[in-house]
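Naming follows writing order (A, B, C, D, E and F), and every chain is counted from residue 1.
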Amino acid sequence: MDESDISFFKDGLRLDGRRADQLRPIKIEVGVLARADGSCYIEMGGNKVIAAVYGPREVHPRHLQEITRAIVRYRYNMASFSVEERKRPGPDRRSHELSKVSREALEPVILTSFFPRSVIDVFVEVLQADAGTRTAGINAAAVALADAGIPMKSMISSCAAGKVEDTIVLDPMKEEDNFGQADLPIAMTPNGDITLMQMDGNLTPDEFHGAVEMAMKGARDIYELQRKALVDKYSKMVEKTGQEEVHACD
Amino acid sequence: MDESDISFFKDGLRLDGRRADQLRPIKIEVGVLARADGSCYIEMGGNKVIAAVYGPREVHPRHLQEITRAIVRYRYNMASFSVEERKRPGPDRRSHELSKVSREALEPVILTSFFPRSVIDVFVEVLQADAGTRTAGINAAAVALADAGIPMKSMISSCAAGKVEDTIVLDPMKEEDNFGQADLPIAMTPNGDITLMQMDGNLTPDEFHGAVEMAMKGARDIYELQRKALVDKYSKMVEKTGQEEVHACD
Amino acid sequence: MDESDISFFKDGLRLDGRRADQLRPIKIEVGVLARADGSCYIEMGGNKVIAAVYGPREVHPRHLQEITRAIVRYRYNMASFSVEERKRPGPDRRSHELSKVSREALEPVILTSFFPRSVIDVFVEVLQADAGTRTAGINAAAVALADAGIPMKSMISSCAAGKVEDTIVLDPMKEEDNFGQADLPIAMTPNGDITLMQMDGNLTPDEFHGAVEMAMKGARDIYELQRKALVDKYSKMVEKTGQEEVHACD
Amino acid sequence: MPVTNVISEIKKDFIYNHLLKGERVDGRTFDQYREISIERDVIRKAEGSALVKLGSSQVLVGVKMQPGEPFQDSPSRGVIITNAELVPLASPSFEPGPPNEMGIELARLVDRGVRESKAIDLEALCIVPGKQVWIVFIDVHILDDCGNILDAAALGAIAALMSTKVPASRFGLGEDYILPIRDIPIATTTIEFNDVLMLDPGVDEEAIANTRLTIITTANGNICGAQKSGTGMLKPEQVYRIIDIACEKAKEIREKFLEA
Amino acid sequence: MPVTNVISEIKKDFIYNHLLKGERVDGRTFDQYREISIERDVIRKAEGSALVKLGSSQVLVGVKMQPGEPFQDSPSRGVIITNAELVPLASPSFEPGPPNEMGIELARLVDRGVRESKAIDLEALCIVPGKQVWIVFIDVHILDDCGNILDAAALGAIAALMSTKVPASRFGLGEDYILPIRDIPIATTTIEFNDVLMLDPGVDEEAIANTRLTIITTANGNICGAQKSGTGMLKPEQVYRIIDIACEKAKEIREKFLEA
Amino acid sequence: MPVTNVISEIKKDFIYNHLLKGERVDGRTFDQYREISIERDVIRKAEGSALVKLGSSQVLVGVKMQPGEPFQDSPSRGVIITNAELVPLASPSFEPGPPNEMGIELARLVDRGVRESKAIDLEALCIVPGKQVWIVFIDVHILDDCGNILDAAALGAIAALMSTKVPASRFGLGEDYILPIRDIPIATTTIEFNDVLMLDPGVDEEAIANTRLTIITTANGNICGAQKSGTGMLKPEQVYRIIDIACEKAKEIREKFLEA
C-alpha cells in the first residue's frame, strides 16, 4: 500500500464521482441459472460475480459428513479473464483464505441442524474483478441461499470501508484499494451482528471504529437491495399463478 | 499442419515405398505378459505398443462402482523415451483425451452387464511412437481383452486415413502426419459399426467420405491379423494337450 | 563424492577433534510435546530432530486398514530452514526413500498384532541438519514409540560409519559426508539384529565389514543414552507420587 | 438425494418414450437448435469475450493476450492456449479441481476448431521471430450446463476472438489493433438414438442417447474437425447424414450470428 | 478411537460449565496470556530463528534469505514469502500434505502483520533495481498445538526477523548486516463465548467457543491487521472492546519480550 | 476378488512349505538366478535402450540425452536423472499416478549404482563449463513384475547406457559418439527366510520372505551400494554371507552379459 502520487479526491468527490460514504452502483438478479438450486448475479461497480447454491445434498467424500448438521462449503473462484493480467485457473492461497472467511460469514445464519449428514455447496465465480469481489460474492451467495430455499436466521450483507488520504471511504474501488491506506471488509446480519471482519493497512483505533460504522451503513443499504431483488422475483412468480417454479433446463 | 516443401510421393509411391491404400507392416503377439489377465504386443510401422487387461476385478475407490455393470477404464501412456524429445512421465492433456476416446471405442462391444460392481482395466503403453499410436493401442487392447477372456460382442479394429498433397492415404506415418493436410482415425467392428471417429485438418465432404472408406478398409485388413494372432495362440495352447494356460510368473 | 583437497585428519584427530571411532555429542529428551502420545527430541552433533508418535489410532483412509495388525507409517520431513539453502516445503524423493527405510527399521520390533485395524504414526521433523538426520530420526522415533507406550520387542538404535582418506570413521559429520568416500548407516536391536542398512560410495568387502562393525559399536553406545533418557523420565514421574502422566496441553 | 434420482428416472422415461415416438420433449424438430444468443464484449478486463446462450445453457468465453515465447518448432508463429473450466456452479455433476477428461476433451475440441480452420493468422502474431510472439489464451467458463455446452463453447470462442483487440499499447508494442480473423469455424453436435439423429441435444437427451458426433466446418463448407464421443456406435451412412446436416446448419448459424 | 472421543466430550462439558460460571479451567483471568517464552537463534542454519512457547504450544520460526528477482510492479523492493507448515507431529488433527485452509490463513495473517506494519524496510533490500533483491522467507513450523498458535507464530516471526542477519557475504554481496526492523507488530487473539471475551485461547477453549478475533497492532498503537474467524458472530461493541484489550496487551508483550 | 485371494493364500502355503524343506518352488538352487536375457537397442527413438528379461520379469530401460544446465555445485559435470515408472500394466498391485515409495526407492537404487560406481564419466559430458552440460535421462519402464525387478532394472540401466550414443549432431554439437562407460555396476538381491538366503526372488518368494538385501558391486569387486528393505531383520553374519554371494554372482553376470 503506497499512496504514491495519486490524488483520490477532486472537489470533495472521489475519482469516480462518489461521495466518501457512497456505494458504487449495484445490480442484483435472482435465479439466473437453471441447473443450480439457487443462484444470483451481482454487479457492484465493475465487479461481475455470480453465485450458485446446490443442496442440501449428499456429502462426498463420506467421511466429511456430520451426524448432527449439514456442512457448508464455499468456493470462491476467479475466472482467468476476470483480471488485467490473466490468472492461472484454479485456486491460489488468496482464494483459499477468501473461501474460508466467506463461508464463516454465511454459516452463522444457516440452519444447518435441519439437514444432518448433508452438504450445502456455495460456488462463487468472479467474472470481472474491480476491488471488493469478496463482499460482492458474499452478497450474491446470501441471495442465492435464499433463492435455493435454504432456511436462514437472516440475510447476510457485506461491504468494505477503506482509508485514502486519511479519509474513511465506503466501498473502495480498484485505485483506492491498490494505493489506499487501509481496507476493512465486513459482513453482517440486518441487525448488526458481524460475521466477517478483515482488515489490513493502518488505522488508529478511532479510525477503525469509524470504518466499521461506515461499512455497516453500506451493508444496511445493500440489504435493502438484496431484499428487493428477492421480493421482485417472488412477485413475478406469484403473477404467473399456479405456475410452480421449476429448477430445470428449459 | 504445414505442407512446407516436402514431396510425399515419388513415382506414385509414398516416402516409405507404400501405395496410397497400403498399410505399414504389422506384427501382433498375444499373451506376452505373465501378470496381466490378457495382453498383446503390436508393431505397426515404427510404433511399438503393448496392452494389458486386468479384470473384471474390484473397483477402488468404491464410489466409482456401478450396480448394474462393470466400468471400463483405459489408460493410454507414452514411455518417456518413446519420442524424439524426451516426454515428461505421466499423463498430459493429449493422453487424457486419447484415453477417453479409446475407451469409448472399446466399451460398445464389451458385455459389461455380465460383471456388475466390477472394473475392467485396460492399460496401453507406447514404447516407441511413429504416428498412429492411438489406433495401434486400440488394436492391441482389443486383442488383449479377448486374451483375458472378457466377453465381447465383436472384435474392434482401428486404422487412420490421412490427406497429403490432396491425396487420401491409408495409415499415415510420421512425416505424413506432421506435414499432411488431414488425419482421420477410426475404430470399428468387423461389420462396420464405427466406435471411434476423430478428424483434424481440412477435408471436403467428399474427401471425408473417401477417407472414412479407406480407413475402414484398413481396419478390415487389421481385423484379419488380429484374428490370426488369437487363433495362433489358441492353436499352440491346444497343441500342448491337457496343459492349461496359467497366468502366472514362471 | 569427491575428496577434493580437503584433509580430514590433523594429528590423528578429525576436523571436529574426534577420534575415528568416536560419536558426536548426543542429547536426548523424552516427552517434549504435549499433544503427541509419545515424543522425543534429539541432538546429534549439529542435528536437531524431533519425533512424535500418535496411536494406535483409527486408520484413514479406511482401505489401508489391515485386519490382523496395526500398520506403521513414518514421515521424515525437513524444515525449510534446516539446511544451508532453503528447502522447498513438502516431501521430495529423498525423504520418501528415507521414510520407507526408517519405517522398515522400526517395524520389525513393534508388536503390531496387538492392534488390528489401527495405525501407529511416527512423525519426524528435522529442524537442523548436519549429516546423519536419518539415524538421528530413527533414534528419536524409537524413544518416542517407547514414550507412547507402544509395545516393542526391543529398542532400535541407529548410527552410521563412513570412509574418509581410506579410513573408516564413526558417525560422519557434514564435511565427511559431503566429501568422503562412503557412508553406511545402520539401525539395529541391542542384540545386534540389523533392521536398516544402506550404503553408498566405495568399499572393499573388508572395509564394508569394518564399517558395519564400527556402526554397530556406535549404535550400542547410543542405545545406552536412549535407555538412560527413558529411565530418567520414568524416575521423575515416579518421584511425583500419585501423579499420573497426562498427555494434554497444560 | 434419492428423491432427485427418482425424478430423474421418471424424466428419462418420459423423454425416452417421446423419442421412441419420434418426438423431442421440448417440441423441437430433430434438426432444430434451441434459441441462440450471443452477447459480445461482456468482460471489460478481457481482450475479447462473448456470452453464449443455447437454450438455457450458458457459456462465457474470455480471450486474453500477452507476449511470450514461441514454440521452438514454429519460431515465428503466435501461440494458442485453450482452457475450459467446468466449474461446479454450472452443474451438479461438475466437481472442483483440475479439468477432468470431459473438460479436457471440450477444451481440445474448441482449440481444434480454431486451430485447424486457421481462423487466427498466427504468422501475424509474431513480434520478434524466435523470441517473442503473442500468446492467445482462450478461456472457456461454463456457467450453466443444460446440454450441448461444446457447441456453445466453440461458438463463444470464435465470437470472442472476433471481438478481440490485441493489447499492443499495454505492452509498449505500438497501437492496439483488431485480431485478424480469417475463418469462422462452427461446431455442430448431433446425437443418435434408435437410428434417429437429433441436433443440439439437451442435457437429458445427452443422458439417454450416449452417441454423439461433433462436426466442425469452415466458412467454405469444408470439415476441419470431427469427434465421436460416448459409448455407442454409428453406421457410416449415419456419419455421412450427420455431415450433411452439420454443414447446412453451420452455414445458417454462421450467417445469422457471426457475419452480421 | 471412541475412548478419546468420550474423554474429549467430558472435557468439553467441564470447560463449558466453567465458562458458564465465568471461570477458565486453568485458573487464568479472561485477559491473561499463558506463560510466554521466546528463545532466539535456535537454528544455526537459518539467518534468523525463534522458538516461541505459549503455555504448552510451541512454534518454531526460521528466516532464510537469498537473492532473487523482484516483482514487476515493485522493482526496487525486497520480497517477503511466508509459509506455515502445520505438520502432523503437532496435533492429532493435522494431516500430511500441502497447507490446508487453516494453514494458509495462518501464514497469510503472519505475513499481513509483517507486511502491513512495514516492519521490514523492503527498499533497503534492493540489490540491483529491477534485477535483484533480497527474498525473505519466513517459515513457520508448528511443533505443538495447544491453542492459539497464530499469536505464537506471529510472535515467532517478528522475533526471528529481529535476530536475522542478512547473509550478504555468502552471496558475494558485501558484509553481513543486521536486517533492519522498523516496527514490532503483535497479534492478539480473543475468543467470545456467551458474551464473555477471553484472550489467548487454549486448544479446548478454541473448540468450544468458535468465534475468534485477531487484532494486529503496531508499536505506535495503531491497528495494521484484523481477522474474525470461526462460525460465530460479534457485536460491534464486542469488537471495540477486543480492540481495547488487544492494544493494551500487545503493548505489554512488546515491551516485555521484544524491546528488552 | 475373493477367489484370487484364496488361490494366492494356497500358493503362499505351498511356497512356504517348500522353503521350510529347503527347496524353491521352481526347482532353482538358492544361489541361482532365473534365466537372464538382455536385448539392446530395442527403441530406435532412444539414445540407448535395453529390454531385460529375468525369468518372466520384463523391464525396459531407455536412455535419452539432451543439453541442459549443470548443477551450481558441479558446473563442469554432466547430470544424471533416473526415473522409474511402475506402470499398472506390469502388476495388479501397481496403480496409476506419480511414483510411490517403492518406485522411488527403485529409481534411487538404480541411480545410486550408476552414480557411485562412476560408470559414466560425467566430466566428459561438459559442453560449456557452468553453462551447458549433457543431461542423461535413465527411464526405467517396468513391463511385467514377476519378482526382483530391481536387479533387472539395474541391469537394464547399465546395458542401455553401454549402447548409448551421445546425440551431439542433433543439437549442433559435433558428431555423435559413444557414451564413455568406465565401470559396470551389478545389483544382486538376496532374500532371507528362516535363515535361508535365496538369490533373485520370484514375486511369491518376495511376498513371503520380506527381508531383502541388495548389494551393488563394481567391476573390481568393490561394493558401491547396499540397501536392506522389507520389515525383517538380518544378522551381521548373514550380511557378510550375502556380500560374498553377491560379489561372485555379479562377476558371473557381468562377464556373461556385459563384457561379451
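Here is the rule we use: a contact is a pair of C-beta atoms (placed from the backbone, for glycine too) under 8 Å apart; a residue touches a chain by one contact, two chains touch by 3 or more.
Note that the coordinates shown come from a computational prediction; the quantities given were computed from them, not determined experimentally.
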{"item": "Target chain D, source chain A, minimum contact steps", "value": "1"}
{"item": "Required minimum of steps from chain D to chain E, each step between chains that touch", "value": "2"}
{"item": "Far-end chain from chain B, centres as C-alpha averages", "value": "E"}
{"item": "Superposition of chain A upon chain B: rotation angle, C-alpha, nearest 5 degrees", "value": "120"}
{"item": "Maximum centroid distance from chain F, chain identifier (CA atoms)", "value": "A"}
{"item": "Between chain B and chain F, centroid-to-centroid distance (C-alpha), Å", "value": "31"}
{"item": "Separation of chain E from chain F, taking each centre as the mean of its C-alpha atoms, in whole Å", "value": "48"}
{"item": "Separation of chain A from chain F, taking each centre as the mean of its C-alpha atoms, in whole Å", "value": "58"}
{"item": "Interface hub residues of chain F, defined as touching at least two other chains", "value": "none"}
{"item": "Chain B: positions in contact with at least two other chains", "value": "none"}
{"item": "Of all residues in chain F, those that touch chain C in their complex", "value": "99, 101-102, 104-105, 107-108, 112, 115-117, 213, 218, 221-236, 239-240, 243-244, 247"}
{"item": "Residue ranges of chain B touching chain F (in the complex, touch as defined)", "value": "33-36, 46, 48, 50-52, 54, 56-58, 75, 77, 79-86, 89-90, 121, 123-125, 127-129, 249-250"}
{"item": "Chain A-touching residues of chain D, taken from the complex the two chains share", "value": "1, 4, 26, 34, 42-46, 49, 55-58, 60, 62-64, 66, 83, 85, 87-92, 96, 98, 137, 139, 141, 143-147, 202-204"}
{"item": "In the complex with chain F, residue positions of chain C that touch it", "value": "1, 93-94, 96-97, 99-101, 104, 107-108, 184, 189, 192-205, 208-209, 212-213, 216"}
